[in-house]
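Would you mind keeping the following structure in view while I ask a few things?
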Amino acid sequence: DGDPESFRELLAGDGRVEPRDEMPEAYRKTLIRQIAQHAHSEIIGMQPEGNWISRAPSLRRKAILMAKVQDEAGHGLYLYAAAETLGVDRADLLDQLHSGRQKYSSIFNYPTLTWADVGAIGWLVDGAAIVNQVPLCRCSYGPYARAMIRVCKEESFHQRQGFEILHTLSHGTSAQKAMAQDAVDRYWWPSLMMFGPPDDDSPNSAQSMAWGIKRFSNDDLRQRFVDMTVPQAEALGLSLPDPEIRWNDERGHYDFGTVDFTELFEVIKGNGPCNEQRMSHRVRAHEDGAWVRDAANAYADKQAARAARTEVVA
Amino acid sequence: DGDPESFRELLAGDGRVEPRDEMPEAYRKTLIRQIAQHAHSEIIGMQPEGNWISRAPSLRRKAILMAKVQDEAGHGLYLYAAAETLGVDRADLLDQLHSGRQKYSSIFNYPTLTWADVGAIGWLVDGAAIVNQVPLCRCSYGPYARAMIRVCKEESFHQRQGFEILHTLSHGTSAQKAMAQDAVDRYWWPSLMMFGPPDDDSPNSAQSMAWGIKRFSNDDLRQRFVDMTVPQAEALGLSLPDPEIRWNDERGHYDFGTVDFTELFEVIKGNGPCNEQRMSHRVRAHEDGAWVRDAANAYADKQAARAARTEVVA
Amino acid sequence: MTALFDYVLGLADDALVSAQRMGWWISRAPQLEEDVALANIGLDQLGQARTLLAYAGSIEGQGRGEDDLAYFRDEREFRNVWLVERAQTDFGVAMARLLLFATWQSELYAALVHSTDPTLSGVAGKAVKEVAYHVDHAAHWVVRLGDGTEESHQRMQAALDAEWPFLEELFGPVDDQLVADGVAVDPARLRSAVLTRIEAVLAEATLTVPQGRTAVGGGRDGRHTEEMGFLLAELQHLARSHPEATW
Amino acid sequence: MTALFDYVLGLADDALVSAQRMGWWISRAPQLEEDVALANIGLDQLGQARTLLAYAGSIEGQGRGEDDLAYFRDEREFRNVWLVERAQTDFGVAMARLLLFATWQSELYAALVHSTDPTLSGVAGKAVKEVAYHVDHAAHWVVRLGDGTEESHQRMQAALDAEWPFLEELFGPVDDQLVADGVAVDPARLRSAVLTRIEAVLAEATLTVPQGRTAVGGGRDGRHTEEMGFLLAELQHLARSHPEATW
């Protein structure tokens, strides 16, 4: 194809593409879309867990949860910064989120109904995110890869915290154990959907793999997540809501049931339980903050003008 | 004085002044101010108790409380209607409330901090209101007197319900009993202030008594309230926060301590715990409802126009 | 038995949660008459809830009364639809919601009058009269706001559009056997009558019948919106703070 | 002993309740950096609260820990000031409130570093650094909003006017003996330093120092605003729903 020679050499040698390197426009656009969607997911992802900050059942858990949701805001910042190295700016990306032209991960369109959901999100959703993201630490685009390294470190911390919440619940009162099981029952299948559609229904994967943005197929990553999670569920003393899960000695993997992707497509289309709520919460926060951002800009302009005046006088 | 002869005869014969009867302008103005203040008190008075509707500790209590606050709205309606017979309208009176030109009873500027406060308001505040209002059932102005008869009937029902709440609490757990005592401690003195300043500091009372609007002096009513309430407190097993209360055989009344009216005057000036909150709640409700009232008027106009058109055609 | 418990609880929780939200309006209504009216409606609903909860408790047979069920169940055990549980915001929204809910309740209770379950039939006989007033009241306002000013027309249409997605959940299935036994009413059977009545009101109100998305729902299975937990925190906090107390 | 318990509880509850309100902003801030910053501030306050509550529990000596005190006290037992307990509404209000609170905390903890009570002195030593950042952050925004646009200037002034009445309660008296013993700091002694610092920020922000009414207060005696009960319902509902549980 017509990709720049330098770009092809970098990819061939498993090197990193940096912002000033030449790169194909399609590569740049794909990255912007993917990084933006990832960033948007972090900030929309603040909502379902943020929903429990005021109600966390102990002060220690409240502190851990506040810190976790704060980390998600931080991840959003790293990722928007990585996207900005590709020549877009955060305000435009946010506009695209708010107008629905760019997406965020559908998993955040499910509600957190109980405290155990905070645990399930940490364990399953962050767990799935890590499986998705660890390969991105070796992504061909340098700023994205470096952002992912920081993100993954914190995510694995969050995943352990989620596991710990569920462990405490499943070893607590019977009501607590039931709460934990219920959360896992509700979050299991949506977590499997986080890896995207099956490989034979994933049109853009091949190009992303050729570009070194994607390293493994959706189904491979999904299998890796299942293999990692099934023993953890046993350690928790909780069941997974799939009677077909069993170890397959021949494959060296766990078999599992068929994911019903029609639900995922409904949620992506906007028909999940919380799509409207998540977007309107986000847009309201943005609109309510407009006067503050305007003021900060106006103040910066005034300060710059004052500094210029001082220089002229001096 | 220059009062109309018919008016003087009515008063002398303990008759009722009706809307079409001649009456002195000062009499009319005094009544408007008093009835409006009374009506305003009913609607502002919905707030402190309304504060507990969503949190009432049993469904039965929730129903009783909703019905009670509803009654207060109803009392407001009777009283605004009574005021309207004097040639003002409700919208103007509400404007005067909202702009601070007319007052409401200062007792509603105290917060309801616990469920027991709902009981204390019923028992003490409604109790004091009844003592104030029973004589008004014989007020010289007919529409006001008739409104008060309806109000007093319901108030005495409310007073019993408040007593019953406190009785249940004071015979409940130790935390419940403490809650009841605390509420009575906080509401006792403000309730005594509901009868207004001492007689020698109550400039308008003489004229109101001459006009048959007021039948007893502030201090007489206050004494009546104390005499009624002290035995009820004993029946509740709760103490009143005044060490000077004791039966005076000679007077045939209970003695009680000196009311510190500086607090009342502060609250009247706007410096009570909730003045700002009560007014802003009320004004917000009114402003939020403006489009609804406008729509109702516009619809009524359209309907009238349609009816007129039909008549012309017919 | 469990099916009947669940069915009764669904009806009870709809009424309880709606009453809880209705109570918010008292002292916040656009005019004093409306404080009175909305309190009335809330009281009717609360009364329905109390009778139905007491009945659910007796079906269960474990000694739980209306307050045990209202104050000591967790969110996932509540069976009400999403329509009634979201916070009150705007009077137009409140009237749109009440129109949908009360019209459905009206058709439901009219049919439940003939339930083979004598308690349900009795509850329905009383409720059907109350709910008729609720429908009238909501319709009164929907017409005035729809055919009032330019602003009120727009706000009423927006309110209706916002509430409409929550209507469908009311027609969700209930236990087949209960329907076969004539105890319960199949909600799907009510759809056309409910829609006909609502659409007649909307036509008079010069409003457009909304099209489009349906909310996911799930309240009958205890899957609620994220607003439900905050509603329960407020409803239950005092009672749960004094678990030994009577009130 | 009881006086020390009350004193420590007052400081703890200020921090706890402020943290609880600060948490509301996370996912609602005007920009992402601010979600991070306000979470940080809330976390610092929550950390202060936890240490102080644990210390209060040990003073009391009845085995109550931080969670017993946070989740199982009733409203009348909370000792925080009114400034921190009212709901969050607007970013300008949040920054006005934080400026007042953090400046006061800053002077308080700077003085408490010299407390004869080693635990308080230790808490103060850590808190004084955290709080310096809170003051800077609030001042940063108060200046930008005050000296930003016409709209932001008006909103910031209105926010400041709304919060100012709650400042005075922070200077209310504490137990004389504790002050005499060098355990506690007399808050009245902090007034002029606090006002001087705040007024310097307001001058830079082109804002006017408000005059006028003082809120009644009473938080130190457990007399709160009517918003406090709703805050506690949310804070405590889950813990109170499972009194036997550990988390």
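The letters A, B, C and D name the chains in turn, as written, and every chain counts its residues from 1.
Keep in mind that, in the parts below, a residue touches a chain if its C-beta (ideal position, glycine included) is under 8 Å from a C-beta of that chain, and two chains touch if they have at least 3 such contacts.
Keep in mind the model is a prediction, meaning the values are calculated, not measured.
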Task = State the chain with the largest centre-to-centre distance from chain B, centres being mean CA positions.
result = A
Request  = Let me have the rounded angstrom distance from the C-alpha centre of chain B over to the C-alpha centre of chain D, please.
outcome  = 37
Query = Quick one: chain A and chain B, Cα centre-to-centre, how many Å?
reply = 58
Query = At which residue positions does chain A touch at least two other chains?
reply = 55, 175
Remark   = Multi-chain touching residues of chain D, meaning two or more other chains, are 74, 229, 233-234, 237-238
Message = By the document's touch definition, which label belongs to this structure's chain graph: line, ring, star, complete, or other?
response = other
Note = Seen from chain A, its contact residues with chain D in the complex are 43, 46-47, 50, 53-63, 66-67, 69-70, 73-74, 76-77, 80, 115, 165, 168-169, 172-173, 175-176, 281-282, 284-285, 288-299, 302
Query = Which residues of chain C touch chain D in the complex?
reply = 74, 230, 232-234, 236-238, 240-241, 243
Note = Listed in rising order, the residues of chain B that touch chain D in the complex are 48, 51, 55, 111-114, 175, 179, 182, 186, 270-274, 277
Ask   = Taking the complex as given, what residues does chain C use to touch chain A?
value = 74-76, 213-216, 218, 223-226, 228-229, 233
Remark   = Listed in rising order, the residues of chain D that touch chain A in the complex are 16, 20, 23-24, 26-36, 39-40, 42-43, 46-47, 49-50, 53, 66-67, 70-71, 90-92, 141, 143-145, 147-149, 151-152, 155, 234-235, 237-239, 242, 244-247
